[in-house]
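Next come two complexes built around chain A: one with chain B, the other with chain C.
The block that comes next holds the complex of A and B.
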């Protein structure tokens, strides 16, 4: 008797263990997804019964100026942020993969911005980007000392190049980034710049405080891109978004770098490869699965951008920062109108489809290696 | 040989120089914002790091003044009969006779009407200025400096907090120094004002932080909102960590090590769900919670799950990515672990709870940290579900509210920045204490809010 019941129990066990997860998956994902598909073919205001209208919503969203703006903003944001954060994450990981004392501290320090919430980061950056804020102050200072900084950089680079060329002419083996020469270049550049200021050849310029308006503006940048230029507030959001997400992905790359077998480097060194050659031809191909993961996550994440727009609220013009996610939200909870669930759902379906297509296309481009990552 | 060593040194120096430079980029805005959150005016131009709140002179003075006033040196306040001695020095140009300052205890409190309602006793009603006298006169460049001394006496029978003070002097007479540096200098240098002369050390240094707690009151219950928000976020985070740990390991184990019908389908469904943005499914989820999950919540006497924690908890019982992490872990365990127990006739549940779960400590650790951080930082879904009353907000939504409250007319950035840092503190502490888990968690799943 006991055996029989336990046999049934054994058969049911997997489903019992899965039950809570299946509940959330079915109710809050499966059912939700199907219902949004249905809503997208209806007009519905959250209260009265949904009415079937066929494809009307899908036609209407493309006639809605807000939607096309949101789509443009979302796509620009996705392309710029994903590209920039992937490259920066890789470079950071290469830098932080050095075996020097105290490297763990730097890893933690760089990652710090990523642990805070989007609200925290956005609020700090709204303050940072004020019209009379720290960023504009830094730009002002930079303009004041522009000539001196340029002189320093120019002198350092010139010394470095002369030394490298000199060594090359004498047919000595020398790397283009020979650290000794770099050190010498920086030192002499510093002395030159300091001397120029000390003896009055160069003085800091008088410049009025820079007051770039970062958020409350409808201006776009850069001008030569015409209609492809992105709104300045969106650009500001991009800047601080890259700042917070690049370190997250840096961690992934770092883990990947540590998995690359030492023999590969050694073999490359025997072949006489060095510097950029190793990075481009050995490290980057080895990290392909990680790159795949980083780009996929980047694309999905950037297409969902919502928090920053909601937190900025009325501090930036709606048309400059609206994204697809925010468009959906604002159609469901408009500040002063009837909720348009049908439109929101159609836009949501569009967002889901877009995510799908982009991730799929990316998989085709980058290859299939990362599939199981 | 010598050359090689020199090269290595230059190499290391270059790496460090670069690391430090980038630290400024990544930590700079955070550190600068934190230091500015101590300032009276975080948006002053040019932004400066000479912060009154960070000068030890003022630390000593704020402690001493509160002590003199009969309050606690660290926490401030002015007790009945308390007496504070204050000195202030001015510079007067040649040909002008120095005048003593006009001392006023204004009926004023930071933070507008809401904060004013919370004040029980106004210092203006009880504090008197006595013994105002000139104590020193010295020639100085282009004129002379004079020092005045006076006492503030609490004549009432009640404890006072805060005790603000304004000093006004005639035109062209310039403020030089005072026992405690003023919070503001206004009217072309004629008026100096203090938010609280008996603040005490901590409320003086962390003035904006104290304001966040003091000035935000719930309209309905009168309780301090900020503390409530912190508590709410802790409650939600802890609850969801518990449900996630239990349910994710159960589901992860089943998907990894048991054979049953529909397993492949369920896993494919899980992967699919991880790709679909939250903003797609939230439309229906909002309605499901509004209707109390098909009316089930009515059985418990709750008509709707909107604006309830139950709604947030039930809809976030366990995330697909957490199940994914646990599945990955259980798959890597050797089969032999289970087999011997199975031969002895142990049931699936026994195997899971007695053998597998105790082995899963590392991924569960990572999951705890990740889930806590995720819930603590969550913004979108709580914004949809919890709209009122303000007592129920989690901290992220509370911060949004704080920004609106202090940003209504002109931005009062002090409390906004302070609130921001308080809310970031728990995850920063978690990060410093459990760094390794963060790294593991990221490489396990690769998903972040």
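The block that comes next holds the complex of A and C.
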């Protein structure tokens, strides 16, 4: 008898332990989801009774210009940001996986953008991208000092190449990227550039202040992509989204890198592999499960992007930055008009379905290893 | 004995609940919190002594419109709440705001006739009145006296037409390339007053918007033209968020703003010498144009204590309360009787500014700041057009055609 009851208890235990989470999941997710499915087939304004209209909302959202714009923006945003942040995260992780003095500081420093709240970061970026903001200032300065910067780079590269060639001619084993030569090159390049300015061979050019409008524009870029080009304000959001999310994924990659058995590197070294070979044939395949996770989280995150558009508010034309998530929100709480809950729900259902399909397709493409890991 | 005492307590509690009516008031956060709390302390509580009615102010510092929509829908809304003219219509049409006509009929102190008709009209829907305007604002010409003195130009005056006004701005802008005449906020909330002066109406007889209406095009060209000639500047281009900020930065001589500017100057540029004038008249029509921004007290249709709530509303909109608010320079009263207020005749910039804004409501083509069922979405295309032209990204023709297409799409939806 006692045994039987303890068995029952054992079977019940996981459910009891899961209960608090299940409860919130069912109330705040399950129930809400069912409601949204229902509302998507009705017209509802939060006040009068919902009226069943069948598929009308789904037809209407596709007729809405804003919705098609939002879909295009969301998809471009997803492709560009997910690709860029995955690659940058991997490169950062490789960089920070080295055993160098002070690497902990750099790890912390690179992670900073992810720690700051996205609202704060967005506000900083709004200032950054202003017409008389930091970015345009830096571009102006760069144009002014272009000749001097080029001279510096050219001198540094020339010194470096001369030194490497010199050593190679003397048949000494030397890497193409010998750090000592690089340092010497940079030092001499600096002296040359400094001297050129000091003795008046080169003077900063007079250029009119750069006046790129980053937010308040409907222009698209790049031109050669035609209708596939993205609006410039969306590009600005992409830039800072990549900047803030890449470090989070870098952490995942760092963890993954430390899991790669040392033997693999040693074996590769014995086989004479170095540099890119190691990255392409050992690190990337070994990190595949992590990549799967990073890409999945990236896809879901980018498709749901909302906060940055909301904070940007009226600084950028709505059509240039609207995303699916923002489209849903703006239908639910339109400025001083009656809420269109039906339209918002239909768009939300569409976004959920789209996310599901894209993530599913991605799993097929990245292969089954990701799933097994 | 014990049972008896319990029964007594229960009876007492029930009695208390019946007579104690708790009225919740919902409004903006920030400055309003202090003002309304003080108003309640000074006027409402003493007047309600002995009636058993208690009041509580619930400030919402976040987006108030979104809050009130949610709260009304969920049944948790306060009994009395702020209703901005900009979005009041959508709530009224949804039937969640109590019509006040019956209460007015019974009341001895609160009648719609006591208030400025255009304000009451703004909250009237299908012949019923849904809100008692608590205060209002219009646009006026706020100018920096020092910049005009420096340029040796006469101050803007109530007799200015667009032409004389422009000539004055041009001279001030000539002082220095970094000094501008007018802050050109790329928004219908400012520019609209000029379009109205030229004779534009947001919706024509068919309920459609025509941006190629000659009146609109003329005002649009006049306003955006100033950005091209450097007579004016968009606040964003001198790193300011709004026209008032641009004025306070003393880089811009004039901003078209409302009485809120008084507080902003106090905070951001307390030493600036400023004056106010009525909006300039259109040279041909001879009319001024203006927008009315107003907030009313609305009553929750689902409130359990409507009679008590109305009693509170009577006090909140009473003459003595409005006088108190006016004298503190907080807002402009909505009661007609306060028009000849001695406060307005005082000889200092603040009182003069408030008086100018007060007069703006009844001079020329004045329309309340709301756009029917379309709300803020109606303004977006126009704001974008203003901004596109003034940042030299589009010609007037291109920008207006694009805006018209967007408006047609909005209205066809």
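Everything below uses one rule, namely that the second predicted complex is superposed on the first by the 297 of 373 C-alpha atoms of A that agree within 3 Å, B and C clash if a C-alpha of one lies under 4 Å from a C-alpha of the other, contacts with A are read in each partner's own complex, and residues count from 1 in each chain.
To be clear about the criterion, contacts are C-beta pairs under 8 Å (C-beta built on N, C-alpha and C of every residue); 3 or more make two chains touch, one makes a residue touch a chain.
Note that the structure is predicted; figures quoted are calculated from it, not measured.
Partners chain B and chain C clash in the overlay (superposition on chain A). When both complexes are overlaid on chain A, the residue A:13 reaches chain B alone and has no touch with chain C. Shared-chain residue A:352: touches chain B; no touch with chain C. With both structures placed on the common chain, the touch criterion links A:64 to chain C but leaves chain B unconnected.
Of the two partner chains placed by the overlay, only chain C lies in contact with A:335; chain B stays clear of it.
Applying the stated contact rule after C-alpha superposition, one finds that A:132 touches each of chain B and chain C. Applying the stated contact rule after C-alpha superposition, one finds that A:361 touches neither chain B nor chain C. Applying the stated contact rule after C-alpha superposition, one finds that A:46 touches each of chain B and chain C. When the two complexes are overlaid on their common chain A, residue A:264 makes contact with neither chain B nor chain C. Measured by the number of chain A residues touched, the leading partner among chain B and chain C is B.
It is stretch 55-63 of chain C, out of 55-63, 91-99, 217-225 or 361-369, that runs into chain B when the two complexes are superposed. Comparing the two interfaces of chain A, the one with chain B and the one with chain C have residues 46, 130, 132-133, 333 in common. The residues of chain B lying in touch with chain A in their complex are 6-7, 10-16, 18-19, 22-23, 25-27, 29-30, 32-33, 36, 42-43, 45-47, 243, 246-248, 250-251, 253-255, 258-260, 263, 266, 269-270, 273, 275-288, 293, 315-318, 320, 323, 347-349, 352, 373, 376-380, 383-384, 396, 399-400, 403-404, 411, 413, 416-417, 420-421, 423-424, 427-428, 430-432, 435, 438-439, 442-443, 446-449. For chain C in complex with chain A, the touching residues are 63, 65-66, 69-70, 72-73, 84, 86-87, 89-90, 93-96, 236-239, 370-371, 373-377, 380, 383-384, 387-388, 391, 393, 409, 413. Listed in rising order, the residues of chain A touching chain B in the complex are 6, 9-11, 13-15, 17-18, 20-25, 27-33, 35-36, 39, 46, 92, 95-96, 98, 100, 103, 106, 108-120, 123-125, 127-128, 130, 132-134, 137, 178-180, 182-183, 209, 243, 247-248, 251-252, 255, 293, 297, 300-301, 303-304, 306-307, 310-311, 313, 324-325, 328-329, 332-333, 341, 344-345, 348-349, 351-352, 355-356, 359, 373.
Interface residues of chain A, counted against chain C in their complex, comprise 45-48, 64-65, 130-133, 213, 216-219, 314, 317-318, 333-339.
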